[in-house]
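Note that chain A is present in both complexes that follow, paired respectively with chain B and with chain C.
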Partner chain A sequence: MLNREIKAILEKSRKWGWVLEPDAQKILSLYGFKTPKFGVAATGGEAAVIAHKIGYPVVAKIVSPAVVHKSDVKGVVVGIKDDETLIRTLERLSGIDGFAGMLIAETVKGVELIIGAKNDFQFGPMVLLGMGGVGVEIYKDVSLRMAPLKPKDAEHMIGELAARKLLTGYRGSTPVHLNALTKTLVHFSKRIMELADVVESVDLNPVMCNAKSCIVADARIMLKK
Partner chain B sequence: MNLKPLFEPKTMAVIGISAGNDRHPANVIYAKNNHRYPVRVYAVNPRGGTLHNETIYPRVSEIPARIDLAVIATRAELVPDVMADCIAAGVKSATVISGGFSEGGRVDLQDRIVDMAREAGLPFIGPNCLGVYVPSRVDTFFLPIERMIKPEAGGVTFVSQSGGILVDHMIKFAQQGVGMAKAVSIGNKAFVREKELLAYLSHDPATKVIAYYIEGFGEGEGRAFVQAADVCAKPVVIMKSGKTAAGNRAVSSHTASLAGDYASFAAAVAQHNIIEAANENELVSFCEVLSSYTRPIEGRIGIITGSGGHGAMAVDACSLAGLAVPELSDRTKTEIQNGLSESVRAIASLGNPADLTGSAVDDDFVACARVLGASPEIDCVVVLLLPYIPGVSLDIGVRLSAVSRQSGKPFIAYVPHVEKYNMLIEGFELNGIPASSSIEGAVLMAKALARRSSC
Partner chain C sequence: MSRQNARELGRFFNPESIAVIGVSREVVNFGGSSFLHHWLAAGYPGRLYPINPKASEVMGLKAYPSLRALPEAPDLVMVAVRADLVPAALEECAEVGARFVHVLTAGFSEIGTIEGRELEARITAIAEARRLLIIGPNCMGPYSPSSHLTAWGAVPGLDGRLGIISQSGGVTQRFTEYICSLGVGVSKAVSIGNAAVLDSPDFLEFMAGDSEIDLIAAYLESIRDGRRFFDLARRVTPRKPILLLKGGQSRRGSATVASHTGRMAGDPVIWKAVFEQTGIVPVANIHEWVDACLAFSLLPKTRGKGVFIVGGGGGNSVLFSDACIRAGLEVPTLSRRSMDRIRPMVPVAGSIAGNPLDFWATYLMTDLLFEALNAAYEDEKIHMVVIDRLIPRIAFHSPDVTADSFSEIIDFIKTHRRAKPTVFTIDYDGGDPDLIRQGSEMRARFCRAGIPAFPSFERAISALARFHQYCRRVNGK
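The block that comes next holds the complex of A and B.
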């Protein structure tokens, strides 16, 4: 069942047709997904306070109803280590169309994955797992299933990725927590079933998977028209 | 929904008969069933009269018998009225051959007959379809009898959104010696759709394999269908068209772009234990092998060949299909060697593939097959049989089929398909071993058996 808070966020987002990142992150954390610590600032002073609370290095991202793809407008800056860079970044981002604030988030490390969902006309909610980041549509290393997933489905999806070795430990790298990934996928697929009436598609990209957990570092929720 | 009257009618009304044109679809259907199938056929046309000295009834309700199957072949605008009459007369099932419904922009007309049928509980196939063909039972295809190629009666039922694709595949099944239980053309599938047919066919004793040609599903219809297919005890094979359309729509999320319509289709189908055939060859191969063998395999293939080149081609094809061709243990190799005739023993190369060479005789093939059939190292035997090898006789098929049955393992043969070798091919096929006309086809058959267990 959708709780009241989630319903309210979805309702408020309808005018944009999608859910702004801070709201999307809020929905995910209400659902129990791991998300990075974050705050939204409108001024340099606010930004610095948030960054100090989180601890450098931080990631800064544009919040704007006009910007669905943040990277396309250089709206994402990673590895910010000091107040000066942070404030300069805010000044630049505030010039972007529709600027409604700058999101400052904790830096999380791990293998970048995409976990997505799409409401298919013929088959209803589908879940996607793939190698994430900005190259997702270049490599197209993805696996698809109809939601909801059983743990076995999620395991098969992981096994289908060409880059699965990057998850199980390749050339001395630490393997990611596969059980956490499986659980995240199954949990996500169930939530997607609940949201099927209102949500058109979801990109959790990237989801940072490391030896301890899977953290949803960015989320885009597109709503049905 | 009782579909039995549709497939096993005792009485049938053909509506839309022309008194003067024997090539009219309704007349063709009437003529091919009348006195040819175990079904009493009645001609119907509002104008009445006679057709070749037999009564044309003005309405279905005037026929002095309860009708199991009404074949409606009138103009589209007249169909609602005909259907009302059928319902009033207590007709048990119908197939609407007529076109001119949703495919011609008349969604309203189609919705009307669906509403009527649903309310009255009258299952109908179509509209805009050929209807049903059941060997020795009934044939509503409006194709002149002398032009149709009909496969023998057998285990495959093929349900198709396209009548043309269906008829073409009847030819292919006939050519390949694959028997059919039913052929169903569902056209616009306004009422009886893939899922309803699945429910019926899963309990149909004649049907061993359920194959579909699908262009697309309605909203949410795909989900319901794959979930039903997943729990169906019989293998379900799908061939899809329209894989590339609609892929270019502008989409604003990565997932929507990567999970295009066909990608979602393929994923949903595979996830639910449905076997997708990439093309016609795969479809026919899959249907043939799945109507011969019901038990899935893991996919450890043992290859017996009379030529090294054929063996190498088969290994490549297996590898592409994701099948293993495991190296045989020394013990198994020795066992094979001990069974071979002396002259072959000296020249055969006994790995996997086991190349018995062009000097091999029937006994060598049988001896090798016995060992592979008994060996736990492999779970399926592919025999690459070259009929021009002098030591191979017409008995090879029946002898190998005995080995296959004894071992409980599926055997699949490759034999070049030319008329000259027909009796040899039938030696395999009539004794239960599917024989493919290509090496790749034989391997595809093994793949179909392996894919059944993958989910």
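The block that comes next holds the complex of A and C.
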């Protein structure tokens, strides 16, 4: 069952039809997913305080009910190393339509993956796993399953990716924590079942997987009309 | 329909009486009349009631002006009137207490008009309000050779252990003709068309619980409640394999689905996930469907993917090995014990002892073939056997190979049939009518005796590969 806090966030997001990123991150951490440390600032001073607390380098992202696809409006800046760049970024982002603040997040490293969910008209909730970055757009390297997943389903999904070697270790690169990835997929698929009545689709993009864990670095939750 | 009542759908396939609404008085046109004609010809033993307000007799049967005038509520009503008259016919069914209805009529959601969709929605609404069980519209309905319900499909057909759920009467027609001619019989088939009321999950649930059915073959284009189908299939496949031919896997095909059954085909990537998770066996065309049917109905379970190949000749042995590997199977080296048995009988020149066993004399001398098979059946690395059986050619340089050794070979394999899956490939599909005739006769003879025989090595191997994958999954490996 949905907990009260999650319900409240979904309720307030209905007017936009989707869940703003800080709220989406909140939902995910309430559900027990690993998320990066983050804070939302409206002014340069606030931004600097948050960045110092998190520690540079940080990622800055636009928060706006009018912007579903942040990168389309150049609303994501990675690798910010100092106050000056941070404040300049905030000044630029504040000019974007519907600006409601700037999200400052910890930089996380790992292999970029996409974990998504959508409601199919015939089969209901299903989960997608894909290589992030160019992987998903050019190679369409994705695997799909009906939710909820059993651990074995999740393992098969990972095994189906053409680029699975990037996950299992290739030419001396450290393999990612496959068990953490499997658990993340299974956990995600179960939450999707609970949310099926209110949520149209979810994109965790990117999910950063490394030798220790899988961290959801960004999330888009679209609500049903 | 209420899901707990899947069992009662059996009535569709063995009705004791059938009324047909929409029968012409004189000409036998496609529709109510042609169905009546076929049921009569098939010797349907139940009571047939043609409904026609203007006729007193149709095809020698007493005709009735309406369902209300019948002496009983018929077990099955077939509706074949114009689309706009269908709702009234359904109301009449409900009134007399006839709950099982097959609507043959087309002209509903599949024609793509608002009127068509609305008319179909009325069918669904009437079924719900009056608790009618309806197959259709726009379909051929139930088929069952053992009940003489053979107004379509293979005629007279062959009773067997196969259940068929199909969104196409035409595809099922070809499929049943093909498999019945090879000795694989059908218990029940249903063509469900637009599936406005009863959909594939309803019949899947019914066939899953039907003790007369061991294997389910389905041709589907769309499913309204895919999730129910998914959950059911997952439970069914470990006990009864489901061989699914999915139509509308391309953009063009999907567009055609809309005008065929008025529905949406769905994303092929999603269907792939459905196959993976449920254990449904996908087939891509009618040949793969038939071949899988032969393998799944006739073969004992296989415990591995090692194939022993017999016959063929040098080049063919090479090609056959390649085909096995491509299909994900293996061609293992025989054990030393097997080699010790086989080597003495194979001449050093012109033949190759091993796997593949390229040894022409296995065509001629059954004792050599049986010795090779016995070795393979006892060899732990071998799990399946494919025998290339040539159609005798004029160009043969050997003594008479036309000697009829079929019965002997069939007897041998049947007595060893629990051993390891053993199939034949007998290929010819060129233009020489004599070779065509001989090839198809040879294959039919083996198949009807319960031994799968395929028209090419590739088809044999792809059926075995599918069968192996299914067995491996069921064994939990």
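Here, the second predicted complex is superposed on the first by the 223 of 225 C-alpha atoms of A that agree within 3 Å, B and C clash if a C-alpha of one lies under 4 Å from a C-alpha of the other, contacts with A are read in each partner's own complex, and residues count from 1 in each chain.
Keep in mind that, in the parts below, contacts are C-beta pairs under 8 Å (C-beta built on N, C-alpha and C of every residue); 3 or more make two chains touch, one makes a residue touch a chain.
Remember, predicted model here, so these are calculated numbers, not experimental data.
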| item | value |
| --- | --- |
| Three-chain arrangement built on chain A, chain B and chain C clash or fit | clash |
| Partner chain in contact with A:116 - chain B first, chain C second, else both or neither | first |
| Touched partner set for A:145, first chain B, second chain C, both or neither | both |
| Contacts of A:124 with chain B and chain C, given as first, second, both or neither | both |
| Which of chain B and chain C A:198 touches, first, second, both or neither | neither |
| First (chain B), second (chain C), both or neither touched by A:153 | both |
| Partner chain(s) touched by A:223 [first = chain B, second = chain C, both, neither] | neither |
| Touched partner set for A:2, first chain B, second chain C, both or neither | neither |
| Residue contacts with chain A in the superposition, chain B compared against chain C | B |
| Those residues of chain A which chain B touches in one complex and chain C touches in the other | 120-124, 126, 142-146, 153 |
| Parts of chain C lying in touch with chain A, wherever the complex brings them together | 222-227, 230, 264, 266-267, 269-270, 272-274, 276-277 |
| Interface residues, chain A side, partner chain C - complex | 120-124, 126, 142-146, 153, 156 |
| For the chain B and chain A complex, residues of the former touching the latter | 216-223, 226, 251-259, 261, 263-268, 271-272 |
| Chain B-facing residues of chain A, complex | 18, 68-69, 114, 116-118, 120-124, 126, 128, 130, 136-137, 140, 142-146, 153, 200-203, 205, 220, 222 |
